[in-house]
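Next, two complexes with chain A in common: one pairs it with chain B, the other with chain C.
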Partner chain A sequence: MNEIVTTRLKPVSANLSRHKGVRRHAAIFIAPALAVYLLIVIAPSIGTLWISFTKWKGIGDEAKFVGIDNYKQLWNNDTFRGSFGRTLTLLIAGGFVVFLFAFIFTMLIREMRSKKLIRAIVFFPNVVPPVALAIAWGVLLAPRNGLLNEFLELVGLTSQTRTWLGPDLLFRSIIAGLVWIYTGFFVTILMAGVDRIPAYYYEAAELEGASARQKFTRVTLPLTWDVLSVAAVLWVILAIKTFEFIYAFGGSGTDPSASSWTLPVHVYVVALGNRSPILALGQGSAIAVVMVALVGALIFLTRRVMRRAVVEF
Partner chain B sequence: MRNNKRKGIRGPLWRFLAVLLAVAMMAAACGDDSDTTTDPPETTAPATDASTGDGDTMDDGSTPDDGSTMDDSSDGGTETPAPAPEPSTIRYFSMWNEGEPQQEVLQASIDAFEADTGHEVDVLWGGREILTSVRAALTAGEAVDLVDLDAEPLVGALVNTGETQSLAGILDMTIPGEDVTVGDVIPSAFLDAYAIDGEPHLIPHSVVSSGIHYDGSRLAELGIDPPGTWDEFIAAAVAAGENAVQADGLIDFYNAYWLYWLIVRHGGPGSFHAAASDTTGELWRSAPMRRAVADLVKLVESGALADGYEGSSYPLAQQAWAAGDGTFMVNGTWLASETSSYASPGFEYRLLSFPTVDGGTESAELYQIGWVVPNAAEAPEAAQQFIAYALGRDRLAGIADKAKNITPRSDIGVPPEIQDAADIFASEPEVHRIYDGVQGDLPDYWATVFLPLDDQLFFGQITGDEFIEEIASATAEYWANQ
Partner chain C sequence: MDLTNDRTSINFALRLRRLLIRASGSIFVWSWVIFSFAILGWIIVAAFKRNDTVFADLWALPDSAEVGNFGDAWGLLNLTRTSINSLLTVGGGTLLTMALAAPAAYALSRVGFRGASGLTGFFALGIGIPVHSIIIPLFLGLSEAGLSNSLLGLTITYVGVSIPFAVFLMTGFFRSLPTELEEAATMEGAGPVRIFFSVMLPLARPGMVATSIIVAVGLWNEFLLALTLTFDEDKRTIGVGLLNTFGAMRYTSNWVGLFAAVVIMLAPLIVLYTWMSRRIIEGLTVGATK
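Take a look at the complex of A and B:
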C-alpha cells in the first residue's frame, strides 16, 4: 500500500523509465501468447480470406484463383439468402424475446429470497451440451406422441396441437429452444449488474411511490446500461455463431435440411458436410468472411446505439 | 495521458508483432525449404545395400523412422528411386462404430489377417463421419491406406477428386485359403459401377438397396395384395387406413427416395443424373420428369402419408412403423436391422421392389459399401492384400449372418430378413446407383438445389408445376455459377 503511494509521488521521469522496464518485461510475457494467437487465430483467418477468393476442394485439388466469384455467387444463391435471413431472424426476433424474458426474470428474481438457487436453475441449460438439448427438444416437439402435443391434448387444447418440426414451424421451434437456453445466461449477466445497485435506491423509489415499471425504467435500466450493452454484443456474437443446437435439432446425426440452416450450419455443410461432403471450401470461406463482417458491423452498430454516459454510483 | 500511455506500449508491442511475424514466416519458409533440400540427395542416390550401417533400416523391411536414409543417400549414386520398404502397418479408417455388427466382423478379419501375415492394422472406428478424419489425416500429410464407407460419399469426396488408386490389381489376387481370385467372386456389374477408365476404384464388402418395406403379416391381415404398380401402391396405401405410409420427414435424403425412384422408373437409369447435370435445366421440363412429379403429388394428395410426417425426426417414424403404427415405409435395406428391436410380435419383414409405372423402365438400386485405397497410402500393397483376405468366404459370411446385409459373393447365403432384396437383384434386368449417382457426383447440387425443392414438393408446399419451374431455373442458375 505504502509503496503504491510512494510510486505515485515519484517524479515523472523516474515514473516513465520504470514503466519502460515494465513494458519491456510485459512484452516478453505477452510474446508466447501472442505467438500462439498469431499462429492459430490470425494466420488461419488470413488463410480463410485467401481461400474465399479461390475454388478449392482441399488437399489433392489445386486451388484456382477466382477473384470475387464466390461472393458474387452468394449474392445470387437462394439457399444462402435463406440462411442469411434466418440468421438475422434469430438475431433480431430471438434477441428481442431473450432480453424481454431476461429482464422479466431479473426483476422477479431480484426480489426473491432464494435468488441464488433460482439463478442457478435458469442458468442450467447452459451447462448441458447443446446437442443433448436439441435431441430432447426433438422428442418434446415430435408430431405424434411428442410431449408437447400430448400435454395439449391432455388439457383439452387439441386444436392447438401442431406439427412443431414441420417446415412452417421448424425454425420458430429452433428459436424457442435457443431462447430457452440463452435466457438463463443473460439473466446471470444482468443480475450481476442489478446486484451492484444499492438497495436504498429501490427503497427510496418505493417511498416515493414508484411502480414496478418505474423502478425498472428509472433505476434498473440506467444503472445497468453498461452491462446491458456488453450483453447485447454477446448476443450478437452468440446468435450468429450458434451451431450445434441447430445442427442437431432434427435429431438425425446427419446434415439438417436446408430449411433450418443459419450461416454457420451453411458453412459447415458446403465446406465439410457430413456423409456426402461438398468440399466447396472457397464458397464456405466466403460465407465465413461474410459472417465475420456481419458480426463486426453489428457489434459496431450495437455499441453506437447503446452508447450513453455511464452513470456513476 | 491515456493516449501517451497507449502509444508507449504500442511501440514495443508492434515491434514484437513484426518480429514474431518475421519469425513465423521464416519458420514457414524453412518448412518449405526442408522439403526441397531433401530432394537433391534423393536424385543423387538410392539407398543401396552398399551403404552399410545406417542404411540397413531400409533392408530389414521396417519403415525408417529417423529419416536417416535421406542423409545416407547423399553420398552419390544414380537416379533410380529406392525400392519401397515392405510396409508393416496399414492405417485403416472405417465408418463403423465399435460394437456394430459390421465392426465385429471386420475386426475378426483384421485379427486373423494380422496373425496370418504379420502385417499390423491400425484401425480407427470413426463412425459415419469418418471422411472428416480421413480429410484431416490427408491434410496433415499422414498415411491413409484404407478407407471403408458407403460408396456415394466416398466417390464424391475421394474417387471423383482423383485421390484413390486403381484396384484392378486385386482382381487377380487369390483369396487366401481358397482357389478363386477376387475377380472370380465379385460380379463385374458391382465393380463397373465405380470404375474409372474401366478400372475399379472401390471393392465392395456389402451390397444394399432400397424399396418399400412392409410387414407381410399385417398386409395379409388387412387383405391387401402386395402392390406392383404405382397406382396399385397408392390404392393399397389408401386402403391400409391411418398413417399408412410412414416417413421421417426431417431426413431430406429419405424424402428424396420417392422422387428419385419415380424419375428412374419413368425416365430410366441415368435420367435423374442427366437432368441434374443439364446446364440449361431444360431436361427437368421433359415428359418423364413431369410424370414422375405428378406421381409423387398423387401420393402427397392421397392422404396416405402419416400425420405430421413432415415434422417427424429420425428415428421416430421408423420406430412407430416397426411397432405397428403404419404399413409402408420407403428406406434402405438396413431398415430391418435398424428397427428389429422395436418390431411388434409377429412382424414379418418384407420388401417391395419400387412400384413400376406404365411405359417405364425396371432396374434395381445398387448401393455398395466397400474399400478404397487413397493415393496417399504408404502401404497400398498390404491394404490390397487385406481386401482380398477379408473377402474370404468364411470371413465375409459374417456380413450376412451378423450384419444382415447382402454380400457381393453369390456363394454366401442371404439372411431371410432381406431375401426379398436379393430376389429383386436377381430379377431386375439392370442396376442403377443410389439416387442415380446425383448425391455422389454432384453433392453440392444435391444438398443446395435438389433436396430443398424436393422437400417442398413432398410436404405439399408447392405444386408439381411450381416444382418443375423452380428446379429447372435453379439448375440452370447452379450451372451458370460453376
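Take a look at the complex of A and C:
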C-alpha cells in the first residue's frame, strides 16, 4: 500500500532525474551563474575576511598580518560604536515604524477602491535614484527655506520649527526619510500576503461579531505569518546595507559628518572615502565582516523567533 | 421597546466609531500620498524658477519658465556621456544576469537533484552580503585583472551582485509553474535543454520581465560600485553624475540646475513607472509569497 502511494506521488522531478544525463545538464545550467557568483561575491568575501586580519593601505603597500588587532581597535573605537548603535537604531526603531505603517496601510487600503493606485504611489520612492530622494529630503528639511519649516510657519506653528539637519536631529531625519521610502516596499509585500486570504474568512469573522482588532489578530496575522517572516528578513538586510540615501543626504556629495554614519557609510569612508580616503583597508574590512556577521546572526534570530507552524489554507 | 432603543443607540455608537476610524485612516493614507506628490511637484516647479528667487517665496509659481535650467543640468550631469555609460552597464548587466540566472534557477527549482536546495540556499546567501563587504578585494582583484576603471569590469560586477536576487526570484517563478507541460514534454522525449527553451522559458516570460526590471532598477540607482570601480570623467554613470552635481552645489549654489537635473532623471522613470508599476510590484511580491 505504502509503496503504491509513494510511486504514485513521486514528483515529476524524479521522472526527470531518471532521464539520461540530467545531472550533467543541471551542471551546465548552473555552472556559469555559479562561476560569476563565486568570482564576484564569494571570493571577495573571503578576501575581506583575510584583509581584516592585516594592516594595509592597498596596492604598493605591504600587508602586515596583525591578527585580531583591527577588531580589538573597533571594540574601543567610539566612532565605530556610534555607527554600530545607529545601525541598530535604524534596524529596530525604524523597523518598528516601517512595519507599523505598512500594516496600517495594508489594512486601510484593503477595502479601498483605489488600492492599486495608492500602492503604486507609496511604492514609487523605491524606484527613484536615492540621490534624488536625498535631494528632495534635503529640500524638505533644510533649516532655512526648508519646506517643512516654512510650512509650519505658514500655518502658525512656528514653535514647532526645528533645525532638522542639526547634529541632534540629523539621524532621526534620516530614519524618517528611510521610513518614507521603505514603507511602500513593505506595504506591497504585506498586501501580497493579505490578498491571498479568501474574503469569506473576513465575512465569517464579521458575522461572528469580530472587531477590527480581532480580525487583524485572528485572521490577518496568522494567515500572513510566512510572508511576514520573509518581510522581516528582508528588512534586516535592507536596514543594515542601506547606504546611498544616507551617504548622499548626510554629505551632499562629500563624505558626511560622523554623526550620521551607519556601518556601511563607515566602511566606505574609512576604506575608500570620496575626497580624502584614509585607506585603512584592514579596519574597513573588519567593519565589513562585522556587518555580514550581524546580518547572519539577525536573520538566524528572526527565523527562530518567527518559526511557527504555517497555517495552510 | 426600551430594549430596541438601547440596541439602536449601541449600534449607532458602534457605527460612529467605525466611521471615525475609517475617516482617520483615509486621512492618514491620503496625506501620505499628497505629501509625496507635494515634494515631487515642488521640485518640478522649482526646476523652472530662477536661482536668485527660488527660495524667496517657496510657494510662488515661477513668473517665467526658465527652460535654460535644463540645458545647464544636461551639462552638469554630463548627460550625453553618463546616460550612454549607464545604458551600457545597466542594460548589459541586466541581460547577462538574466542569461545566467534563468537557466540556473530552472535547474535548481525543477530538475530534482541532490543538493539542489542547498545550492539554492548558497545563492540566496549572496542577498545578505552587503556590497560593502566585498568592495575592497573586488576593487583590488579588478585592478589586478586590468578591469578597474573600465565599463566592462563594472558590468561584470553588476552581473555578479545581481545574480543572487535574480536566482532567488526566478526559482520562485519556476516553482509556481504547472508541472503538466513538463511531464508531457518528457513523455514526448524532449531533453532538459529542449524543455527549458521551448516549454519553460516562454511560460516564465512574465517572471523574466519582472525580474529584469527589478534588477535594472536596482543597478540604475546604485552608485557605490560605479563610484569606486570607475574614476575617469568619461566613465561616470548617471547616478554618480547626479551625486557629483549635488556635491558641486556646495560651491556653486546652482539649485535650480540641480532641481532640473532631478527632473531630467525622474521624467523617463515616471513614464516607465506609470506603464509598468504593476509588473514591478507583482514581480517583487512573487519572490516573497511563493
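Simple rule for what comes next: the second predicted complex is superposed on the first by the 291 of 313 C-alpha atoms of A that agree within 3 Å, B and C clash if a C-alpha of one lies under 4 Å from a C-alpha of the other, contacts with A are read in each partner's own complex, and residues count from 1 in each chain.
Definition applied: contacts are C-beta pairs under 8 Å (C-beta built on N, C-alpha and C of every residue); 3 or more make two chains touch, one makes a residue touch a chain.
The shown structure was predicted, so the numbers you read here are calculated from the model rather than taken from an experiment.
In the superposed model, more residues of chain A are touched by C than by the other of chain B and chain C. In the superposition on chain A, contact of A:198 is made with neither chain B nor chain C. Touch criterion met: A:281 reaches chain C, while chain B stays clear of it.
Once the two complexes are overlaid on the shared chain, A:270 sits against chain B while remaining clear of chain C. After overlaying the two complexes on the shared chain, residue contacts for A:119 are found with chain C alone; chain B is out of touch.
Contact with chain B, but none with chain C, is seen for A:143 once the two complexes are overlaid on the shared chain. In the superposed model, A:165 lies in contact with chain B only, and not with chain C. By the document's definition of touching, neither partner reaches A:85: not chain B, not chain C.
Of the two partner chains, chain C is the only one that A:47 touches; chain B does not reach it.
In the superposition on chain A, the residues of chain A contacting both chain B and chain C are 19, 23, 26, 30, 34, 39, 43, 58-59, 139, 145, 251-254, 272, 274.
Residue ranges of chain B in contact with chain A, taken from their complex: 8-9, 12-13, 16-17, 20-21, 23-24, 128-129, 131-132, 135, 138-139, 150, 152-153, 156-157, 161-163, 248-253, 306-314, 316, 320, 325, 375, 439-440, 443-444, 446-449, 451-452, 455-456, 459, 461, 474, 477, 481. Considering their complex, residues 18, 21, 25-26, 28-29, 32-33, 36-40, 42-43, 46, 55, 58-59, 100-101, 103-104, 106-108, 110-113, 116, 119, 123, 126-141, 143, 156-157, 159-161, 163-164, 167, 179, 182-183, 186, 191-193, 196, 217, 220-224, 227-228, 238-239, 242-250, 258-259, 262, 265-266, 269, 273, 277-278, 280-281, 284-286, 288-289 of chain C touch chain A. The touching residues of chain A, when paired with chain C in their complex, are 11-17, 19, 21-23, 25-26, 29-30, 32-34, 36-37, 39-45, 47-48, 51, 58-59, 104-105, 108-109, 112, 116, 118-125, 127-132, 134-136, 139-140, 145, 147, 150, 154, 180, 185, 188-189, 191-193, 196, 212, 226-227, 230-231, 234, 237, 240-241, 243-244, 247-248, 251-254, 263-264, 267-268, 271-272, 274, 281, 284-285, 288-289, 291-292, 295-296, 299. The touching residues of chain A, counted against chain B in their complex, run 19-20, 23-24, 26-27, 30-31, 34-35, 38-39, 43, 57-61, 73, 76-79, 82, 138-139, 141-145, 163-167, 169-170, 250-259, 269-270, 272-280.
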